[in-house]
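Take a look at these structures.
Both of the next two complexes hold subunit A, though its partner changes from subunit B to subunit C.
For the complex of A and B:
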């Protein structure tokens, strides 16, 4: 018995080790290929003029100034709608809802489905509801609102996690001191739940600026500088899509735009990592 | 006295405000389904459900609305990518937990996190300029089912890898200590103890990645060639349900537009089925 263990296992162990390491190597190499390719091809086109100038000749020349502005506006609309609703819903679900409540259960289930809805379906919905029924047309507003629906489940789930990570002692002590639940929430729980909130915010922003399919039929393609929220504005991801699919000879600028988009996402990610550490250290503790 | 009563009143108002927010959040799914149905209704009435599967072809201008080639396209590309990404993702998580030195594991986790953050349009663009010409050199035309599967695999890999990572982390430490005490070698521990213990998390990960694979639009649209046909080989170009919507929404009118909303409904139905499956798995969990 000991003999067979000694003889058989090392081979399968060795095989497994080789398999696991080669899987990890494959993933790493693929990642480096993609990022290296975009970095290599994009870096030479990036300049201050590229970031600020308007696109010319359907985007083959010129820069992405108005597109960055549109992207920022869409993101702004999205966050200013989804943050209050998301945090409110998360507070209700984690602090004021019993585990067996029907309303809470239904809301959770519906958010589970919402987080799985394909982005193109959000696009269809946004087009039918915001653009057509509410009459917002192809505009930054309808694009931002569509994205708000999309990031809501991400925001709510992360914020809820943040609240769940707050020790139960805080609530009990606050109740023992006779604080109202509103006061407890604003002065104790909310500050303590900031890390979760921040994670949600970052994930939401990441998802929102990465989004393409939901925006094609809601915020549209127009690459001029938007004058108001009712104007159509082209998001950065749509710009990359349009340059690579519909504009021949647009690859150089598409590379540069892709690099800008990836760099923005990486910056947001590392900022959140830093902020997470910072906030976690500063957490309220019983001194 | 009023000091004690007042907060309760304020609490009550505040809770109703929160309830309103939560109700809005919960109602979005209902709104989506209602609007998809409303917009799809003309097609369901004029064309009927059956003809979406029995019509000779997809030629909306001539009144033919056969969705089956796109449905097969979605299923093929989904199956292919899930079959490749699942083992890769799970092995990635195993690598992080049991094989890699601590610093390598930390770096690798960051890398997976970065992969998860890269937008689909960037993956699609890379596929278009790097992968498609490469496949085209092996066997023309290049834009193909294979390109779609490769891109989608890269895209859904982080989903399953992160999920598997989390569920491996949840395996109780005493299981591992018990295995070590029995003198089990590493892979035997992983296969015999860790995988069964993390089963429900791993299955949930597979379901999540499947959902992502079904819903992916832009990357697939950019590398698959978008010819409406049921692909017969890995190198055939094809079109998925999602890219069909993205391609034709811009100019679709009347029944054509409604037919696209019908495919939206179809996608929605698939996602709901997956969410129910995930719920079913997490309820039937046996371990930890």
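For the complex of A and C:
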């Protein structure tokens, strides 16, 4: 008996190990292939002029200056709307709603459903509501607001988890010291929940900056430099889509734009890591 | 008065000086607490004297901590908790809905079983609650910081690293910081919920001595599982026991009376068991 265990055990362990390693290898290799392909095809076209110049000849030549500006503005509108609403909703759900309340349960359920809704549906909703009903037309504002709707479920749930991860001890000891709920919230809970907020932010921004379907119907694809938030503006992902699908001979610039997009995503990720390590550690310290 | 409060923990019970002139400060009358359908404790009538140390002892789950949580109305944070009966502190009805909870909790400080300093610096742990309670003068806060840290014997240990994170301190130091944080608000009553049970024996001894030294200055109510500790520091003892599914107060009186000549059979067995 002991012998058979001795013989079987390493074999099954070896198998488990092989499966885990090959799964990890598969993911890494796929990512490296995609990144390598984009780098190979796009890197030679990247230059300062490419990043700042307007596109010419339907994007085959020239750069992506106005497109970067539009993307930044759409993202800015999205975040300035979704951050306050997101934090507020997360605070309500985690601090002011009983765990077993019907309201909390319903809200959480709808948020989970919403975060799984395909972006094209958000696009159609944005087009119907922001562009037509509210009369914002094809504009950066419509696009940003639509993205905010899309990002909110992710942001709220991640921030709520951040609040829930704060030990109950802090709430009890703060209450025992006669601190008000508002003081406790702003001075103790919010700083302690920032890691969760950052996770939600990175996931949300990642989804927003890569979004195509929701923006085609709302912010449109005019590739001129936007003069205001009411102008139509082409986001980076739409530019890539347009160059590779509709413009023959646009592949080189499509790859270069994709490279910029991936670089932007990586930068956002590292920035949040850096914020977590430096700024946060200085302000609030967990042993 | 100051002379009267001088106390050495190792004195035998009968030789101990009276801690004060007994005068009721906290009075509970038929106090009961229910969590939903289950009863935590029932009909607890207990008078707690000013300036004395009252130990609440008894087996687990007999409502000791729940009783403590009523004294600063922290019980309000527990969903479905329902308190009935009367409870007064300094003749003020603290169960009334009109009670100013912020003032009550400033008057009645609490120290928990597990040290729970905020994830801030040592300095901010004490100064932040002070600031929120209206001590806006920076120098005054610094003064209170130093005097309270001295009072808990922590100042010499941390004076060079007041801005270091409080969570970098050892468990015993963290607990003393929590005591300093509570007394910085100048409370009249201090509640201790098994303050030594999460600490190593040496830190536990330091914290225990600290509590013993509070006699005469604060009204102390301490929940403890450690009968020897209750014997060492308490002036009065209240024994809780679970009867018919609810916590009950089965005996209370001076430490000497309860430990030397218990009147209740359960108390005698409990103390006897601890003695044996």
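Everything that follows uses one rule, which is that the second predicted complex is superposed on the first by the 249 of 287 C-alpha atoms of A that agree within 3 Å, B and C clash if a C-alpha of one lies under 4 Å from a C-alpha of the other, contacts with A are read in each partner's own complex, and residues count from 1 in each chain.
As a convention for this text, contacts are C-beta pairs under 8 Å (C-beta built on N, C-alpha and C of every residue); 3 or more make two chains touch, one makes a residue touch a chain.
All of these numbers come straight from a predicted model, not from anything done at the bench.
In this superposed model built on subunit A, subunit B and subunit C occupy separate space and fit side by side. Once chain A of one complex is fitted onto chain A of the other, the partner contacts of A:225 are absent, as it touches neither subunit B nor subunit C.
Of the two partner chains, subunit B is the only one that A:265 touches; subunit C does not reach it. Of the two partner chains, neither subunit B nor subunit C is touched by A:165. Counting the residues of subunit A that each partner touches, subunit B and subunit C differ, and the larger count belongs to B. Applying the stated contact rule after C-alpha superposition, one finds that A:13 touches subunit B and leaves subunit C untouched.
Contacts of A:180 after superposition on the shared chain: both subunit B and subunit C are touched.
In the superposition on chain A, A:43 makes contact with neither subunit B nor subunit C.
In the superposed pair of complexes, A:237 makes contact with subunit B only, with no contact to subunit C. Residue contacts after overlaying the shared chain place A:134 against neither subunit B nor subunit C.
Within the superposed three-chain model, A:29 lies out of touch with both subunit B and subunit C [touch as defined at top].
With the two structures overlaid on their shared chain A, subunit B and subunit C come no closer than 5 Å at the level of C-alpha atoms. In the superposition on chain A, the residues of subunit A contacted by subunit B and by subunit C overlap at 178-180, 183. Residues of subunit C that touch subunit A in their complex: 72, 74, 77, 79, 101-106, 109-110, 112, 114, 116, 118-121, 128-129, 132-133, 165, 167-168, 178, 181-182, 185. Taken in their complex, subunit A has these residues touching subunit B: 9-10, 12-13, 15-17, 19-21, 23-24, 26-28, 30-31, 33-35, 37-38, 84-86, 88-89, 91-93, 96, 103, 106-107, 109-114, 116-125, 127-129, 133, 149, 152-153, 156, 178-183, 206, 209-213, 216-217, 237-238, 240-241, 244-245, 251, 254-255, 258, 261-262, 265-266, 269. Within the complex formed with subunit C, the residues of subunit A that make contact are 98, 167, 169-180, 183, 187-188, 192, 284-287. Of all residues in subunit B, only 4, 6-8, 10-11, 14-15, 17-32, 35-36, 38-39, 87-88, 91-92, 94-95, 98-100, 108, 111-115, 117-126, 128-130, 154, 157, 161, 185-188, 190-191, 208, 211, 214-218, 221-222, 242, 245-246, 249-250, 260-261, 264, 267-268, 271-272, 274-275, 278-279 touch subunit A in the complex they form.
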